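The data blocks that follow each hold one structure.
One chain, chain A, appears in both complexes that follow, with chain B as partner in the first and chain C in the second.
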Partner chain A sequence: MLELAAVTAGYERGRPVVRDAHLTVHPGESVGLLGPSGCGKSTLARVAALLHRPDAGTVTLDGTRVQGWRHRAPRAQRTAIGVVFQQPRLSADPRLRLRDLIGEPLRATGRRDEVPSRVAELSATVGLGDDLLGRRPHEVSDGQLQRACLARALVLRPRWLVCDEMTAMLDASTTAALVAVVEEYRSAHGAGLLTVGHDRVLLERWCDRTVRWDEVAPGAAPVQG
Partner chain B sequence: MADTTARPSPEQVRWRTHGRTRRSTRTLRMRTSAVIVTLVVLAVLVVPPLVNLDEQAVDLALKLQPPSPAHPFGTDDVGRDLLLRCVYGLRVSLLVGLVAALVATVIGTAVGAAAAAFGGWVDRIVMRLVDTFSSVPHLLLGIFIVAMFRPGVWPVIVSVALTHWLSTARIVRSEVLSLRSRPYIDAAVSGGASRLRVIVRHLLPGVMPQAALAAVLMVPHAMWHESALSFLGLGLPSHQASLGNLIQTARSSLLAGDWWPTLFPGLFLIIPTLAIAGLAGAWRERINPRRRSELML
Partner chain C sequence: MSTRPAEAVVIAPVADTAPVLAVRDLSVRFRMRGGRHVAAVTGASFDLPAGECLALVGESGCGKSVLASALLGLLPGNAQTAGRALLGDTDLLAADEKTLARTVRGRRIGLVPQSPAAHLTPVRTVGDQLAETLRELTGVRKADLNKAVLAAAERASFPVGHLDRYPHELSGGLAQRAATALALVGDAPLLLADEPTTGLDRDLVHRTVDELRRHVDKGHALLMITHDLAAAERIADRIAVMYAGRIVELADAKSFFGTPGPRHPYARGLLAALPERDFTPIPGMPPELGDLPQGCAFAARCAHAAEACDAQPEFADGIACHYPPDEGASARAPQPLPAPQPFPEEHTGA
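For the complex of A and B:
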């Protein structure tokens, strides 16, 4: 179970972006978090992915209370969650070829020998050809890069997936393809999914359950603009 | 004349060639700098082993000769050939400049990257130390360091390197700070990368262009520092040819009206350092085209 309880988080002291948020994702369940832009849903997703330490509240992952975030979290906890970000351009190291980008988590966790087989397998799954794997991020389109980023998120076979506006920058066919890849992975591995977005139609068709931002964080200040 | 009416007016010509003129001066500067730097490198590498002359050879009968075909730059106050001494002096200055800039860049990059990557109290303490060091004038600190050793090339290199890594540390730190907040670092953390791996694999390669540029820009600065130390009599031993030493020993003859012992070492210091700075400037425009357009506005 991935459980966020009474989470308050922000980037400046005394100015929280997220106030008192509660959210639970059960194993194998897919939850869509729906909210307008700027409400703090990406911040909550970063907290859930152990990338941003909340000011208050607890996160429980598979029955263990999370004690530290980012590098302070044990590697096993960090890698149990695969993350896909909104902007593929910013979430790919510009110096790595797509092949290295996808295999990087395996190298980082000392499983170098699995790199060729996993990269071949996943690039077929997400639909990246061999010529694309040899290119760097600036030589491919946003959609192709996001496919690589999804493959990178899946390479360590995470039990949880956090997708932060994964398809916001993409056209309809790429969106459909990436959602299909995520769903295929989930049905094969029983992974839980937290996906964040502002597209109600997409999330309602994709997820078992959709929650609105004001249900997650009832105390939220009204969003400006 | 009748056919002049068909030509565009001077305003039109200037308007049309405006961009082209700018660009051609830029490439002209780059080409001139490249040619000078190549000549300098060739001179200091090829001339000493090729001519096999002793730059220390004293001939008191020929002291303070003005420039002539036999001695194109003239001779100094003990009759040594100034052209040869200038080349040897440039060699020492360039060596000191290159090695000191390299060492300073390595120190600065390591300190700046570590401060930014670890953040928190490590960053605060390290950067306050950098501020403290920067508040002492470079030359004063440099003099203090060379004064602790016997005169020679290495103390000068150590002194220049230890006083010049601060600016590189600041540049690298700010660059790493901006890279650190990119989502691809988040992705690396989420993918299980250790702190060290994030620094070595993702952050350091990202700051390499800036660090390398800082290193090249530091070479002329380090050469000037070496000359300043030698001029003050604290750098290289005075018999050894170095541009600072040459200018220092020429001071007395300048007062007597002999201009060549001062002029030529001075030009040997100014022209190559300007050429290196010019090349570095062209490089900076290339790796950061946005800043170039800002400059042109």
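For the complex of A and C:
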């Protein structure tokens, strides 16, 4: 269970972006969180992915209350969650070849010997050929880079996936391809999914359950248009 | 001083029915290190009349933004162009930088940019930027400037109370309207919108395209470049589908999105991938523009590919495919392709 209770979070003191948000994702369940731009849904996704410490509230991951975020989170919790961000360019180290980008989480957690087999396996899953694996981010398209970023999120076999507008920059075919990869992984490993976006049609097609932002954080101030 | 010789290409006087923009066999390629070439656009042809919106759709990296840059004369120095793009009697590909800068950009082509946040000057207010553009493009008198700024803001539904704000103080939707207001100042007959809805949420996409549609209905011609099929369906009269640098299908928007639907296998796959339709991806990925196959670029991903697809299909009757679905299973009779427009020997962009 991934449980967010009464979460308030923001970037400036006294000006929270998210107020009193409640959200639960059961193991193996896929939940789509719908909200307009600027409502705070990405911030909540970062809290759920243990990447942003909330000002108040609790996050419970598989029965354990989360005490630390980012580098303060214990490795067992950090590696239980795979994250895919909206903009692959901003979430990929420009110096790494795609092959190294995908294998980096294994290296960072001392599982270097698994790199060749896992990278080969996952690059086939997301459809990246040998030629593309040898390139750096500036030599590939947004869609190809996002494929690599998804492979990187899956490389540690996380029990949870958090996708923040994963497909917002992509065309229809690449979107359908990446969603199919996520769903295949989930049905093989029983992972839970929290995906955040503003495309109602996409999320309703993709997820078991969609929730609107005003249901998650009913106390939120109305968003300016 | 002798009289100047007439232009090499004589164009008949523009009648009411003449298209605002006529693109003929437009190709753009980039010269890379080691003498390699990247063919970003190959043999694009289309007409765009006043009061019509043509949406150029295709996935990122298919060459559609390069086509827009070519029309504006904004290609980098290693680009070579061939073919013609006639805006009235001006060939945009042959025009020099002075002509483009003084008579075309802003005055005859208004650009609605991809990212208004990056397009607007961050250190000056919206009103200030509108005033400067008005002074430059319309020569409005100083005494009338304030009134003109208000009118220009109004045209794009930009709230006049926000004119003294800086770009970073605007929401995505308002920044988009500010950029649209700037694009409309010169009253250009042709509007060029390059991915105007990227990163906006659905409501804002609808509002942005509805506003653009309003300007089309007032008589502007709009070329909208986008990968957002839903936005294209909402705004366009006609759809051009681009794949690996070529226009593979040119169709009426109603029949493309409704029945009988798209005809080219790529276009059918793209539409079927939408979450409101089959949600199934097209297998494989598009080819590299620097390493295109000899034949049809889509053949490797196409369920209908056969021997004929080893040759480049000719664009005829709105589609570039050897096996158009509505013509039965037999391949079109092979026809010799017309020789493509050659690239000039050593012409590089300005």
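Here is the rule we go by: the second predicted complex is superposed on the first by the 225 of 225 C-alpha atoms of A that agree within 3 Å, B and C clash if a C-alpha of one lies under 4 Å from a C-alpha of the other, contacts with A are read in each partner's own complex, and residues count from 1 in each chain.
Quick note on the criterion: a contact is a pair of C-beta atoms (placed from the backbone, for glycine too) under 8 Å apart; a residue touches a chain by one contact, two chains touch by 3 or more.
The structure displayed is predicted, hence computed values, not measured ones.
When both complexes are superposed on chain A, chain B and chain C sit side by side without a clash.
Contacts of A:81 after superposition: chain B is touched, whereas chain C is not reached.
When the two complexes are overlaid on their common chain A, residue A:36 makes contact with chain C while staying clear of chain B. Once the two complexes are laid over each other on the shared chain, residue contacts for A:176 go to chain C alone; chain B is not touched.
Once chain A of one complex is fitted onto chain A of the other, the partner contacts of A:168 are limited to chain C, with no touch recorded for chain B.
Judged by the touch definition given at the top, the superposed model places A:200 against chain C, while chain B stays out of reach.
Shared-chain residue A:91: touches chain B; no touch with chain C. In the superposition on chain A, A:10 makes contact with neither chain B nor chain C. Minimum C-alpha separation, chain B to chain C, in the superposed model: 9 Å.
In the superposition on chain A, the residues of chain A contacted by chain B and by chain C do not overlap at all.
Contact residues on chain C toward chain A in their complex (touch as defined above): 58-61, 171-173, 198-204, 227, 229, 269-271, 273-276, 279-282, 284-285. Here chain B touches chain A in the complex through residues 182-184, 186-195, 197, 201-202, 205-206, going by the rule given at the top. Interface residues of chain A facing chain C in the complex, by the touch rule stated above, are 36-38, 127, 141-144, 168-177, 179-180, 198-202, 204-206, 224-225.
Listed in rising order, the residues of chain A touching chain B in the complex are 46, 49-51, 70-71, 75, 78-79, 81-83, 85, 87, 90-95, 104-105, 108-109, 149, 152-153, 155-156.
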